[in-house]
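This structure is in structure tokens; I'll ask about it shortly.
Order of writing sets the labels: A, B, C, D and E. Residues in every chain begin at 1.
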Amino acid sequence: MSTVETTSEARPRKGRARAFAKALGRFLFAAVTTYLGLLAVTFFIGRVVPIDPVLAILGDRAPNHVVERVRQEMGFNLPLYQQFFIYIKGILSGDFGNSVLTTNPVMVDIRRVLPATIELATLGTLIGAFVGVPLGVLAAVRRGSIADQVVRVVGLVGYSVPIFWLALISLVIFYAQLRWVAFPGRIDIVFEYTFTPITGLYLLDSAWQGQWDVFYDVFRHIILPASLLGYFSLAYISRMTRSFMLNELSQEYIVAARAKGLSETRVIWGHALRNAAVPLVTVIALSYAGLLEGSVLTETVFSWPGIGLYITNSLQNADMNAVLGGTIVIGTVFIGINLLSDLLYRTLDPRTRNR
Amino acid sequence: MTAPASPSPAMSRREWLLSDRPQSRLQARLGRAYVTWRQFTANRLAVVGLLIIIALLFIAAFANLIATHDPVVGDLRNARLLPPGTAEYLLGTDDQGRDIFSRLIYGSRLTLLVIVLVAVISAPIGLIVGTVSGYAGGWVDATLMRITDIFLAFPKLVLALAFVAALGPGIQNAIIAIAITSWPPYARIARAETLTVRRSDYISAVKLMGASPLRIIVRHVMPLCISSLIVRVTLDMAGIILTAAGLGFLGLGAQPPLPEWGAMIASGRRFILDQWWVAAMPGIAILIVSLGFNLLGDGLRDALDPKEAGQ
Amino acid sequence: MSAALEIDNLSVVYDEFHALKDVSLAVERGESFGLVGESGSGKSTLLRAVAGLAPISSGAIRIDGEALKGSNRSKIFYRRVQMVFQDPYGSLHPRQTIDRLLLEPLVIHGIADGERRIERALDEVGLGNGFRFRYPHQLSGGQRQRVAIARALIVEPSILLLDEPTSALDASVQAEVLNLLEQILRDRKLTFVMVSHDLGVVTHMCERLAVMRNGAVVERLSSRELADGAVHEDYTRNLMIASKGFVKA
Amino acid sequence: MTTLLTVDNLKVSYPTRTGVIEAVRGVSFTLGKERLGIVGESGSGKSQTGRAIMGLTPKHGIVTADRLDFNGIDLLKASAGERRRLRGKRIAMILQDPKYSLDPVMTIGRQICETLRTHEKLGKAEARERALAMLEAVQIRDPKRVFDLHPHEVSGGMGQRAMIAMMLIAGPELLIADEPTSALDVTVQLDVLRIMDRLVADRGMGLIFVSHDLRLVSSFCDRVIVMYAGKIVEELAAADLKHAQHPYTQGLLNCMPEIGSNRHPLPVLDRKPEWAA
Amino acid sequence: ETPKDTLVEGFAIDDIITMDPGEAFELSTAEITSNSYSLLVRLDMDDTSKVKGDLADSWSVSDDGLTYTFKLKSGMKFASGNPITAEDVAWSFERAVKLDKSPAFILTQFGLTGDNVSEKAKAADAGTFVFTVDKAYAPSFVLNCLTATVASVVDKKLVMDHVKAVTPDAEHKYDNDFGNEWLKTGYAGSGAFKLREWRANEVVVLERNDNYYGDKAKLNRVIYRYMKESSAQRLALEAGDIDIARNLEPGDIDAVSKNADLATTSAPKGTIYYVSLNNKNENLKKPEVQEAFKYLVDYDAIGATLIKGIGEIHQTFLPKGQLGALDENPYKLDVAKAKELLAKAGVPDGFSITMDVRNSQPVTGIAESMQQTLAQAGVKMEIIPGDGKQTLTKYRARTHDMYIGQWGSDYFDPNSNADTFTGNPDNSDAGTVKTLAWRNTWEAPELDKEAKAALLERDAAKRAAIYQDIQKKYLANSPFVFIFQQTEVAGYRKNLKDFKLGPSFDTNFVGPIAKE
């Protein structure tokens, strides 16, 4: 009996590791160059901004000699490329400089505001995924039905509505009229003295410390903005889920699974969704990254002390250290999320493990 | 060949269009367009979208005839913040005593201006970068994609904000900023499409005819990318409208007294508790128009790009 | 007189994978030559290497005695050598009418009287003018393969490379296409290199053939020898047995 | 011979925007514990017939028949649940291309166990034992290793064997094989056919073997049905192939080039519209 | 609901950049500093043209008008527990002058420099502080300046514990930073409240100072919570999430005053809103055009709508409440008159012009309103919006045509406004004294001379008369169109007792406020 061995079975493990290392190297190189580009672009924008940065530091009423002195101290009189090098040097030694606006080192500020955004975006994505995926599956399975149309329209409206507008309207309804939710910020001022966050993710922290009254308060603050962001990621996720599911459901292996006598539930959730999950991971990661930036407008409306608000505030005040720091951090998170989704993709899809 | 190039009496126009043995280039092209059109119109929601867009075009074209008031000059003394339905003010007035309805009508021109210009600027850039990058491969690809990645690694809105901050607020600068931030995804799409067709036999076949790379890209690869690009651009229109409105909302977009919808929401925001209509009306206008584009894009995708449907 | 196509110790490497290992062949002018072997044995790669579509790592290719450099091919080369691909569904541009498809090579090479040539080419492959303005999706597999052949012939090449032109077709359609190819071969006195995994098809079309396995040629023989069972390699013998059909135990 | 399956006037149609596509237009046959081949060119409705029997016609397709009876069970009247319980347990189907018909993200072993555990109450370990035994039965040399492989890690021939194992593990009485070997190399093709041949003989199953290769089918099966445009144009015993009546069947038989035969040009089919009538 | 012992204010505190009284020059900081630091003298709330003692029990001015001697009250302590002595006062002056940050000029204009400050501002003994000025200024001017927060007294001992060593250079000639870095967020004062924490754009937390020598604060804590939007503040106020809303806009003020649980209070502030015309522009330079523009503002409509409750029409540069303020509003919207003037100026058909406007209310609304009224006279005005820093950058570079701005006095004395609106020693682009007159490329040497004279007029009534004269001339002929004077309004919950807004930004005291 002549059994044909295929090449892939015979491929040695060592080669696999080398290929992985190579891929990792390429990825890191890409990440580093992207980073540098990121820095250059932001730096350039920061220096072209038609705002006198010294004005941001001193205000309008400072006498002229003070203005000149500070300009020199800050190095704004140096040529652009020198300023850039000084900046890069700072970054490489882990120093993002001080924020003009808050006087703190930028890293300290970001450590404070980032968890707020992370908490918001994470909750939003969780809502989006836990509602969006089942909706997408439902729409795909009942393709063309009323349910499908409803999911589609819900999704399309999500794509079409201005987030800040919806935020305003829902704030009026749920806070001003119904008093269901709390506003503004992340936590009531009452807890300023009784609650010490550890990670900065207030929901986790309060639950961890067993402070359920705090947890409830935090929840009342976060639920509305998180639901709004959740709606937007839901729109995206359900739509993508639908199309991935339609694609998987038309595959032959689904016919095979049915031919085996599997129940429809098992075919859909055990096989089709399991396969659709592979690209879905990327979609969810992308939507997470999208929420991080989508929070810029939402955070403005909800006075949410996150990084979006921090960046917009800093930008308007020509606080370039803060803007650059914030952008680098968001860029890092973006790149990190990409890496993570790539890794997840690899673990979920056996086909990518070798080759 | 006896069949005439024009529809014979025995053959209805529809049959002529649907004929699977077209007699001329024109008939083939029209037939194809007709099939696409039928696929498109089979999607009722898409037709609704198309109607919305047509209405938008109509309104923008005849704004001066439709509007009942001057969009910029209001009656501060007598007509400030009147609720909808007040005599002669259909949708109420804003804090400058201007007719919101008329402002919305004129605002459609700005909306159109933004999306058309952004599309005209960013789609070709994305198409060229993407196809060249995908087809050339190697260091050209690496370089172009690096640049694309850099732009993609930015939170889009923050980047647009930064650009507007650098260029100064105003509608032209908002358009430039949005265009600068919207081409990278197009480049990605075009590149992905190019990569899938680059190794395909039909491109190999053209290469075997002796066609130059330029010719292959322009005549054979680009047309293939265009339909998914059109779909994507149409779907993006909504996003562009929203981004422009977002910039307007943050005060960095169109300048007063221009009746830009996002800026109208921003100025209405102050009255949201008592005079809800000032902010609500432009929000609804944005919602309707971007919904229109989304519906249209969805339908176009199903018609032009069946295999991409849903993505 | 040199051979129409000569291949010396040709190797092709894709990302460390040796798809072709030191393959040598010579095809005389006017000859029809066959390549058989199972899937993945490198048959297509060989043809693609000749056409400049595969990365050549070492070895030489000569057309009519003229050596080709690397993977770059000139316009003139493509007037001499043309290729028909394996998959009729993938080798025609999905957004172009047949007319446009056939016009393309004429425009590229600046050949005049396009109209006439297109009509003639379609005629030659047994498709009437009625097919001229159709899109590929409006054609059956056999018709598409005819279009692909017409496209290859329209620049009047002297060497035609055929990569399993019928493997995607039904048996009955295969017969039509094979007959067409035979007729063209006869009329135009072309040099043919044809790839197939079907020994029947290859012996039907070609005088000589080479058997490939894992990127290397394992045996060279004539159709006559094959029909007579004068085979040296076990692998070739296995192929022969398999093509006879199932034998009940 | 006991009749396993009776098909009477089976029709499958798909309403589309441009009109109704009639994929199968009144097919009738009966099957006992024997090997029945169905041949015909692409699009003639072979697969649709097989899928209709399995109950796997897509939702928008319409299946009608005067009778569709499996071992006394009226398939037309059976509920969706009943039909599902039949599938895999009593009627099984092997699909054409192992590359596409195995779930790419699930190991081969799990896919085989899944069939078993759907139909029998069985522990994990026991299911694994049975699956390994089945893999051995389809002549996989190192079942333990293959059990944990993903479909993309095995060759086409091995994938097809895994598919056979997966479909036969619950011991069906009727097996529908829809072009089980067309995607494989000629040499591997014979291996797989031999395995199927043995299993069918050992287990006494009924087999419907769908293929477009008339010569292959006739050498493998007892009886052959020839389909054209959704209809049966001829039904004959494999041994009588040389005496086929219908010009279509004759054409199919003759148009293949063969080693040693010298027919230039090859005979081609001259399709007559009345065949499809 | 806010806690019983805590006052929560919603307040746009985004202007705060430092808490060091020697450095801070922002409006919000002024309020915080005045509640947490003490001064020698403060404005007299009953008559804001006078001052009264804070740390100082009494003071006297020498006959030559150059030496001011302050006697401190006894037994006072800083929040840290350290005693308050004249030495602390002297060091606070020295510190402010040597730091030489934005507000330092308020002190240095009296002839103080880093070299002579230890002589000119010194402790005669533990309870006596002597301050020597370089000219015989009007005492009202000197004392008014000493009410500015830059003259706050810091706890020398405490600050000395936190000074950071720096290497002296040409810019900063001293070997330490006078605790500036620490004081940016730290606290070393003796006011009714202690500063516990400031988190930029988030919150300022004050706690009662139990060592305060005056009336102890009623509440334990005051929290200023950052909230920018008026509507958000109103929402939070209605919901009871804050006790006081500090930045309400007209519509919200109405709503708050109609709410049974809420009330409003207001006080005129020293901030003036004006539109200025840059004399670099050929058209705007013409006096007739300048006058015409004063007729092209719909003061009445603006007053009745856009600034209703938050401001009063005011057409002169000295705010009501300051010495010598002139309360005359002769201009009304009069398009015909304006057209006449434009015709006289040679531009009967109008012209096109731009106006830089920052993105905030009510200036945007006023700009839009002006855009409409100017259009009636044929002047096409384009609005160039920007955020505050952006428009300011342009304004300070003199690249604008028109600018709508606000001006709050640097210290509560008429000289502050008089100087900036009339002074312009060097009108070239390189000019270093960037007064508002300079920014609009406008010179008025006569008026400037008058203002300088007023500084040395020791009789307060005569001094007031000079300022009134300047304002009259200014009203008739200047490139500044004054529109209104700000009224600060706050909405609050009715369970608050004794909540009042002061006449200036550093007189909004929270110490007396109690909760029911």
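As a convention for this text, a residue touches a chain if its C-beta (ideal position, glycine included) is under 8 Å from a C-beta of that chain, and two chains touch if they have at least 3 such contacts.
In UniProt terms, the chains line up like this: A, B = Peptide/nickel transport system permease protein; C = Glutathione import ATP-binding protein GsiA; D = Peptide/nickel transport system ATP-binding protein.
Since the model is a prediction, treat every value here as computed from it, not as a measurement.
Minimum number of contact steps separating chain A from chain B: 1. Among the chains, the centre nearest to the mean of all shown protein C-alpha atoms is found for A. Put simply, the chain farthest from chain C by mean CA position is E.
Seen from the Cα centre of chain D, the chain whose own Cα centre is farthest off is E. Looking at contacts between chains, the pair that accounts for the most C-beta pairs is A-B.
Measuring from the averaged C-alpha position of chain A to that of chain E gives a distance of 42 Å. Taking the mean of the C-alpha atoms as each chain's centre, chain B and chain D sit 49 Å apart.
Chain C and chain D, compared by their mean Cα positions, are separated by 33 Å. Note: centroid distance chain D to chain E, computed from Cα atoms, is 90 Å. With touch defined as above, residues shared between interfaces to two or more other chains in chain B number as follows: 165, 168, 269, 272-273. Residues of chain D in contact with two or more other chains: 185, 187. Annotation for chain A: residues touching 2 or more other chains are 2, 4, 50-51, 176, 316. Chain A meets chain D in the complex at residues 1-6, 8-9, 251-253, 255-264, 266, 271, 274-275, 278, 348-351, 354.
Chain contact summary for the complex, chain A toward chain E: residues 50-52, 55-66, 69, 72-73, 99-104, 109, 112, 171, 175-176, 179, 182-185, 188-190, 192, 303, 305, 309-310, 313, 316-318. Those residues of chain E that touch chain B in the complex are listed here as 229-231, 234-235, 249, 251-252, 254-255, 298, 300-302, 304-306, 357, 359, 361, 364-365, 367-369, 371-372, 375, 382-387, 390.
Listed in rising order, the residues of chain A touching chain B in the complex are 30, 33-34, 37-38, 41-42, 45-46, 48-51, 149, 152-153, 156-157, 159-166, 168-169, 172, 176, 239-240, 242-244, 246-247, 292-294, 296-297, 300, 308, 311-312, 315-316, 323, 327, 330-331, 334-335. Taken together, the chain B residues at the contact with chain A in this complex read 45, 146-147, 149-151, 153-159, 161-163, 165-166, 168, 235, 238-239, 242, 245-246, 249-250, 262, 265, 269, 272-273, 276, 279-280, 283, 286-287, 290-291, 293-295, 298, 309-311.
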